[in-house]
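Chains here go by letter, A, B, C and D, matching the order in which they are written, and residues are numbered from 1 within each.
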């Protein structure tokens, strides 16, 4: 049965950690038995989880020490509350001190948990600072996005702070979810029920094509692990000094002018010169990566 | 005496109607903006009218036109159609233009319809099965006017209904040959049709609709939504029923439970060595979840009631499996497929909302008059059947016991979870159908499958071989035995159920060698719609709402 | 939320148990945490559920579990978001099996 | 407070050249003899990619200009209704623009610039997260609003009755809008409650306090001390193992 694909999209946070880490190497901090549940959910009479929807701990990946946080998208949409956020922040602070080979953030979150919205918003800001402090201490942080909630809201920002962003096509990355935009701005702005459009605007292939995702893999936890191992040996570094950030600023401005009216990923495929823009959604990640590589080789 | 009798009043009525309409059409062709006037010219008070509403294809433009007719002229109608699914079907009743309806299924409009019945604004003749209603088209409910939908017409008025032929042949044949008028809305008028599904001399008028007729993707079940419990019940069904009886000819309902079975054929059933031994011949719409089983070589033939949105190219590319015309596209036919399901299949398996202690099942609940469509024909022993098959004979031996005249029996199974959402028990002492019949003044409680026809119940607790029960008491305990923690289940006589287990009448998963913990979604041959597309070699083109990539 | 505790007689679990967690708290699902408890002759179970008024059903499901598995000496805690008895039974057996430390 | 008077009140008339350009505000100012850079959003801006890049660009200009000299304090002005809601902005990766702004603020901090945010008007979720909340200190001016979502919308999404939320909001600062709630939780350092004070002196004191904590994130600890956030600090320290 080992040859069977393990759908990362469907796997629980714990199953993802198990699939990414070397067998038996994971040690959890603040494990469920400690019952660090959310007092705020309880006060609102909502169900709580023993791990508050995030698993944090240490492990090895291909023998290299890492710290891992994995959000459980099925518990309240992976949303960040006080305890949940504090666990991720604490892990990043541990990283700055212990200097593992990397921190792996398995993001699966719609952003702030509304039941404790203020605590969640602040927690995300604390995660952002702790993440950049870990990077400043020389520890790279890799984000993995391929769950049903994607990486949205503040966790969409956190994801883009990471040195590497590894996504599957099923993964989505953005700030405001399509449902929110549709509710406020109307269905003409964003039809959230047009699922194919949603993925063309936020999905893994678009993010890879725009260079936001550094690696695109198929929806298989074993592929995510392979990407993690590859990133551990050779990874992109997030821009950090003045020169880097000036270059990043120029690149972001260039992107806006390169796609002046674009509102659909299809136009991005066309603008990039992919041979069959309409066929892109059905390409395997390998085939898509190959096409992108060929384009960049031509350019 | 006979000389004074008029034998052609229907024809004369038809001629009068056509004369009134002549100025509004150019030959058979009617422009969209004149359709309301045409309907007013043709329809007479008291007419039986069919506004073609199928499971999928809808004569939606003509339905909208009906709602714009003058209620003083178009009134006292008797609607005779299988499905009331568009809001306009009920709007026209609310406008007071309809006095009576005979139908089979009302799906999304069932709540509104129930309110109209309760307030006495409409009389329901009966809620039929499909075959029953089609039968009555040819006996006492022949439409005076049929408003149908086709994909294309040519200039002579021949129609191409394409993959979604569904009810059209039955409606048009009854109407055209009994002095009625047939009006067809079409998506386009072309010079040459791919094939002729309805000949022009059965059609009086064609009208190009401003927008293509609506088709609902009713049979698409996203594998991503199949639960572990449904995988478990599917394993029980395959091992405890399909393999046990060697079922090759069958029909499936449209629920997730049966979609799970379809998706376990290439995996679990193959591992059990069942390829070629079960599930080879189907009366079934082209379910996308059947693609992996077809690709795995499980399936030899599928005849369809209708089609399914997005399956056109796939179906056309598998002519050995589906019924494909000389033009290369599928032809469906609800009447024939229903007859096939009733007479030529050994098993019907579907789902229900409620089952009582006798095994009567119903999807009717308070405040909704939905009807059952085809399930009662599929889910009934065909008394007229005269050909044998091993599955049919085995069920007959078990069900009829030691009677001198050998006869088979159809296998009819219901697969349910003991609790539905919101912890509503699927097993009840008394069906809601009784209350519904009372409040709606119906002669019969709306039962989908009667106790005497039901041979098996499958739940996550196991399978109850009702066909093997020797007394009503045994039957009741067998039902309680798979009813889990519902009040009905908790009320079981434990010893009696254990006795039934010993006799193989109730089988738990472990009795079948199934470990519930092995029932994971990993067993599904496709876990999402994208997997289905890949399995089809890119031929399946799913509707937008089912995409997540 | 409704909360209650049940202590059931059960066969002793035998070998030392490790903490195990099965399931996720999401609509129609639950998490089951199995830990070592005090009394080897009983299984202590704490239930937190979002579905009110089903205590009788819980007791029946849990009693069947305690009868079926050697759950004596275990402490079990459940966070439930409206799972059906079928899902509850499945998670209980998954968590129990994981607590033995063997790969199932 | 109107456009012109805010910066007069903060720095004194004639002591700043802050320019308001639509929703973007920036310019030099002085506190006593200390030059200060003012950068921020204005008029309840919906922060889109262009505005985010304008803020980031200005931060980078300040850092570059001061390289090798004395890093100026940066005073951020936050007045935002949140992120712009648009399909195009999502497609182009607005979250990435916000991450870029955050990195620029972090660069400023690491380069020795004291950072302080003044909430003027509204500070709502994403628009606030990108830069305002990353400063070493945050001051809420009188009448400032801080929130993620109003209670009515929250009630709709969580399906918890509005009245219940209103009652619970009185006892807990964790979900209801309000600068005072953010103060209790440690994310707002100081509430300026009246317009009458000596703002230039107060601002000078805040910048000094910001320098004190530069590089440390003291919000969870402060939130615990103020009784607004009981678990964040404890749990983070437990996981950090420190």
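A few notes on this one:
Keep this in mind: a contact is a pair of C-beta atoms (placed from the backbone, for glycine too) under 8 Å apart; a residue touches a chain by one contact, two chains touch by 3 or more.
Keep in mind that this is a model prediction, so the values were computed, not measured.
Per-pair counts of C-beta contacts peak for the chains A-D. Among the chains in view, A has its Cα centre nearest the centre of the complete protein Cα set.
Note on chain placement: the centre of chain B and the centre of chain D lie 60 Å apart, centres being C-alpha means.
A separation of 33 Å divides the Cα centre of chain A from that of chain C.
In whole angstrom, the spacing between the mean C-alpha positions of chain B and chain C is 42.
Centre-to-centre, using mean CA coordinates, chain C is 47 Å away from chain D. Residue positions of chain A touching 2 or more other chains, listed in rising order: 45-46. The set of chain D residues that touch two or more partner chains is empty. Applying the touch definition to every pair of chains gives A-B, A-C, A-D, B-C.
Those residues of chain A that touch chain D in the shared complex are 29-30, 36, 39-40, 43-46, 56, 82-83, 85-87, 89-91, 93-94, 97-98, 112, 114-126, 128-130, 132-133, 136, 151-154, 156-161, 173-176, 178, 180-181, 184-185, 189-190, 201-202, 206-207, 210, 212, 238-242, 245-246, 248-249, 252-253, 255-256, 259, 261-265, 268. Contact residues of chain B toward chain A in the complex are 224, 521-522, 527-528, 533-534, 538, 544-549.
Per the touch definition, chain C reaches chain B in the complex via residues 28, 51, 54, 57, 60-61, 82, 84-87, 89-90, 93-94, 97, 104. Looking at the complex, you find that chain A touches chain C at residues 12-14, 31-33, 35, 37, 42, 45-51, 72, 74-75. Residues 1, 4, 7, 9-10, 169-170, 193-197, 199, 203, 281-282 of chain A touch chain B in their complex.
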